[in-house]
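Notes follow the structure.
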Amino acid sequence: MDGKSIFDELKEKGVSRREFIKLSGAIAGAIGLTSFPSVEAQAGTSARFPRAYQPAQLVAKALASKPRIPVIWLEFQDCAGCSEALTRSESPTLVNLVLNMISIEYHETLSAAAGFQVEEAKRAAMEKYAGQYLLVVEGSVSPKDGGIYCSIGGRSSVDILEEAAAGAAAVIATGTCATFGGLPKAKPNPTGAVSVMGLIKDKPVINISGCPAIPEVFTGVVAHYLVFGTLPALDSLNRPTIFYGNTIHDRCLRRPFYEAGKFASSFDDEGARQGWCLYKLGCKGPTTYNACATLKWSGGLSFPVQSGHPCLGCSQPDFWDGGGFYQGQSAPLSKPAGTLGAMAAGAGVVLGVGSALANKQQKKNAKKSEPGEKGGSHELE
Amino acid sequence: MIATQQAINMFVQETGGWAASQLEACTRCGMCAEACHFYQSSANPEYAPVWKLEILKRAYEQRFTLVGKFKTAIGIDKKITDQDVAHWSELNYYACTVCNKCAMVCPMGIDLGTLLHTVRSGLAAAGMVPEDLETAVMKQVIEGSPLGMTASVWDSRLEWVADEWEVDIPRDVKGADTLVVFTSIEVMKFPTNVAAIAKILNAAGEKWTVSSSAREVVNFGFYEGDQEHEKLFMRRLFDGAKELGVKRIVVTECGHAYDALRFHAPNLLSEANDYEIVHITGVMADLVKSGRIKLQEGFYDNVGTLTLHDACKIQRKGGYIQEPRDILNIIAPKSFKEMTPNQEEAICCGGGGGVIAIKAADPIRYDVFTLKIDQVNKIGANMVTMTCSNCRLQFTDCMDHFKLDWKITGLAQMVADAMVE
Amino acid sequence: MNWNDVLSFARGPLFQAALLIFIAGMLYRLVRVIGLGWSRNHVRPKKSQTKGVVMSYLKGILIWPFVPWVKNTFTKNPIIYLAGGLFHLGLFVILVLGTAHMLVWKSLLGFGWKTLPLPIVDWFAAATIVAMVVLFINRLINPVLKLLTGTAEWLNLLFVFVPMLTGYIMTHHLFFQYEVLFSIHMLSVDFLLIWIPFSRISHFVFYFFSKSIHGQEFAKHGVRA
């Protein structure tokens, strides 16, 4: 990080100008840039591109002028799956490009160094880039019982996060663990896991949910930050709307079958072979906001629903507790356990019998208080 | 408040699971309104059957249900007042003939007629029976008949009938098979009916008798809804029957009397089931079928157009639907024409349930009869026959009131006239 | 609090609580009514009571009210009878033969069944909504119904109408996001479940009492039910 621009660094790696422009276009596409004036204004480039405004050129210009962004990557209660997904992404050009736009100063799993050495490096980076670095968090935080369930180098995850967040320009929570608590927070949540957003209140936290988060979405967000210097527009769960604006169901290729009411009833029936809708097999697509159906996975090859598996709803809060994965979405999340139902039934019966007894007594009293000889009254039938 | 208390007490006594389950079933859909001739003729929403039941429903909810008790405690539901009791007394005694037509259309199948009878029981317990009706009841308690047919009056009337129409009326014959009980309406107002029935039974060779102690089959306690009175009047009949040792009691042309004796008595007096209780319509049909009496075919085919008025308590509630039609198809195959609606769905004459005995209800009663006028006029009938003298009373009264010139008659009379020796 | 949480709450704890209240409430009512006692009827029936009861149901379910002219009394306002019939038929089709709802039964009962194609259920849903509007208007203008209708009756209509309408809009992905409608759908269903034991919607249970009584009574009197 010595003042060199990203383009300079790319040139050193042998990327030609031609390739560079092409990649810029790809990035522009990834972050959803199209020609609209507000983007121009945002970038403050209207003077340079007075007429024919080109998104790719906008990106290229940013890459050519801006230095790489320092990133500190923290992992807490996670499985490193999000990191894995990013580094093993099958759209290497794009992701590599973005990885080239950042300089990862600290990453538990990727750093070659270890122990106090790497902790020291982190402290140094935090000092050097105070107020400039992006903090990426993977995994949920555990404040319960003094933080004993997740600590690194003798410090609790809460401490580490708060310290790192203090000097960050922005915080990116990647993966559903970090964004909403994810698997560690699943009932009964033994470690009292909370999301990053649940702890950091004084900084913008941008959520890139998914289990794991889609690498292209992560890189898209970083590229956006790089190009514009700002975070993209967010939804009510702090997720960038460019990627989380639609549900899986909205963009699903099986949707026409849903509309026609054609459902696969098992994974190997005729419906499944015909590619019918997976609603009955538990698809959570209708309530799941993510970009799987458009960006897809494995370099745009496929995504779960396309491959015949219902959407699990992995980018939504509490998806582990959102009903069985293979249970239709309309099914209730919990049904009264046998004993509870029996108790309710029992309570109803007791109440009913009590009422009936009281009412019988009332009937007897009514007969007694009847003036004159009114015995032998019979209910008419 | 004593009146109200007594009404509620009676409701509480009378409401068991049978009534409660039906009160719970009502969805307040209002469809029963369309069935009721009182609503049809007046368009007064308060005449909707379910609304006539409202007081019973309120008593049930307020006394028997937790929600009802709670709602009354916090004042959402108003307690039943004396005014309410008085108001529902008018609704029920003036504007309901307990004809059970409403039960035919209720989508839930609620047996409204029986429940409406229960409402009357409560009103009677509260002493809220209209004066005219109460007077008639008391007359029956004291003199044995609401029309003043005391033992001596009965004696002389029957003598006269026997003389006038030259029929034998066996009286107080011990060991007869069948006891025939007439209504005072027939004896006092339609004596031809008495003669006709005697003629028919004699011709068939029945071993029958009338009884001087069981002389009045009309039961004004049933109209009123007071079970004690109801039982008193029934007991007189059963005592008479026991005395003579008969096996069968034949109710003559009176609807409510048949209803009371056939369908209420068994639940009030255990001796009721010692007898076979039948209506004269059924007896006549049987005699014709078995050939014990012969009718001249087409005897009435030259009278113009003849129609049958279905009496609620003999047809819709009594089940004698096919019998009168079988007879008419013999004696008037060409002139007999059905009104619509008919049979179980027939429109009530408007005079039953004691309504005709209540002077204040006259305008309502006449209003209702306009429905009948429409029905009869639609098929252009000039002669109407029926199996109930109470209907017949309403018809003849309305002939006067509306200046109509239809011929009104009873089925027994027609059968007697058409008999071939 | 976002819609996701509302939905989880409405499908989870609230639904569970509502179901328990429903079970307890309905049993209370049933036991209370039966507990009032049934005295024996000593009247000798004129016709077979079993047959009467069977006929009562056949007529009630198969004929009424889909064929308004079967009974003459219905000629006055056949539309209301048709609307009532259509509403109940629609409700049955939606709740039993709709895929989403069958999955609810399946999760509760442990077994499922074949369902109708969505577009057919959808037509029923639309017809049911129209029928409910007709019934609503009728309740507003019919003088008898005006007399009979209190707050509780309006709430009955509302509590059934909201799930109906939100279900329909949700299935068509109109106006609001799916989970918003799903949330309202579920909330209203939960309220409905809680409301039923306190209201006359419980007639679906007592129907079997009154309809049996009807058949029995009419047979006793020797009359067609």
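Quick notes
Letters A, B and C mark the chains in the order given here, with residues in each chain numbered from 1 onward.
The rule we apply is simple: a contact is a pair of C-beta atoms (placed from the backbone, for glycine too) under 8 Å apart; a residue touches a chain by one contact, two chains touch by 3 or more.
Note that this is a predicted model, so its numbers are computed, not measured.
Contact topology of the protein chains: fully connected, every pair of chains touching. Distances from each chain's CA mean to the overall CA mean are smallest for chain C.
Chain pairs A-B and A-C differ in how many C-beta pairs they share in contact, with the greater number at A-C.
Between chain B and chain C the centroid-to-centroid distance comes to 37 Å (mean Cα coordinates, whole Å). Averaged C-alpha coordinates give centres for chain A and chain B that are 77 Å from one another. Inter-chain centre distance (chain A to chain C, centres taken as mean C-alpha positions): 40 Å.
Shared interface positions of chain A, defined as residues touching 2 or more other chains, are 351, 355, 359, 363, 378-379, 381.
Touching two or more other chains at once are residues 28-29, 32, 34-37, 39, 41, 43 of chain C.
In chain B, the positions touching at least two other chains are 15-16, 18, 64-66, 114, 267. Chain B makes touch with chain C in their complex at residues 15-18, 20-22, 24-31, 33-35, 39, 43, 45-46, 48, 50-51, 64-67, 101, 103-111, 114, 262-263, 266-267, 270, 272-273, 316-321, 340-341, 344-345. Against chain C, the residues of chain A that register as touching in their complex are 236-237, 247, 249-250, 258-263, 279-280, 286-287, 316-318, 321-323, 327-336, 340-341, 344-345, 347-349, 351-353, 355-357, 359-360, 363, 378-379, 381.
Touching chain A in their complex are the following residues of chain C: 2, 4-5, 7-8, 11-13, 15-16, 19-21, 23-32, 34-37, 39, 41, 43, 99-101, 103-104, 106-108, 116-121, 173, 178-179, 182. Residue ranges on chain A touching chain B, taken from their complex, read 351, 355, 359, 362-363, 366-367, 369-374, 377-381.
Chain B contributes residues 6, 8-10, 12-16, 18-19, 63-66, 114, 117-118, 121, 125, 227-228, 264, 267-268 to its touches with chain A in the complex.
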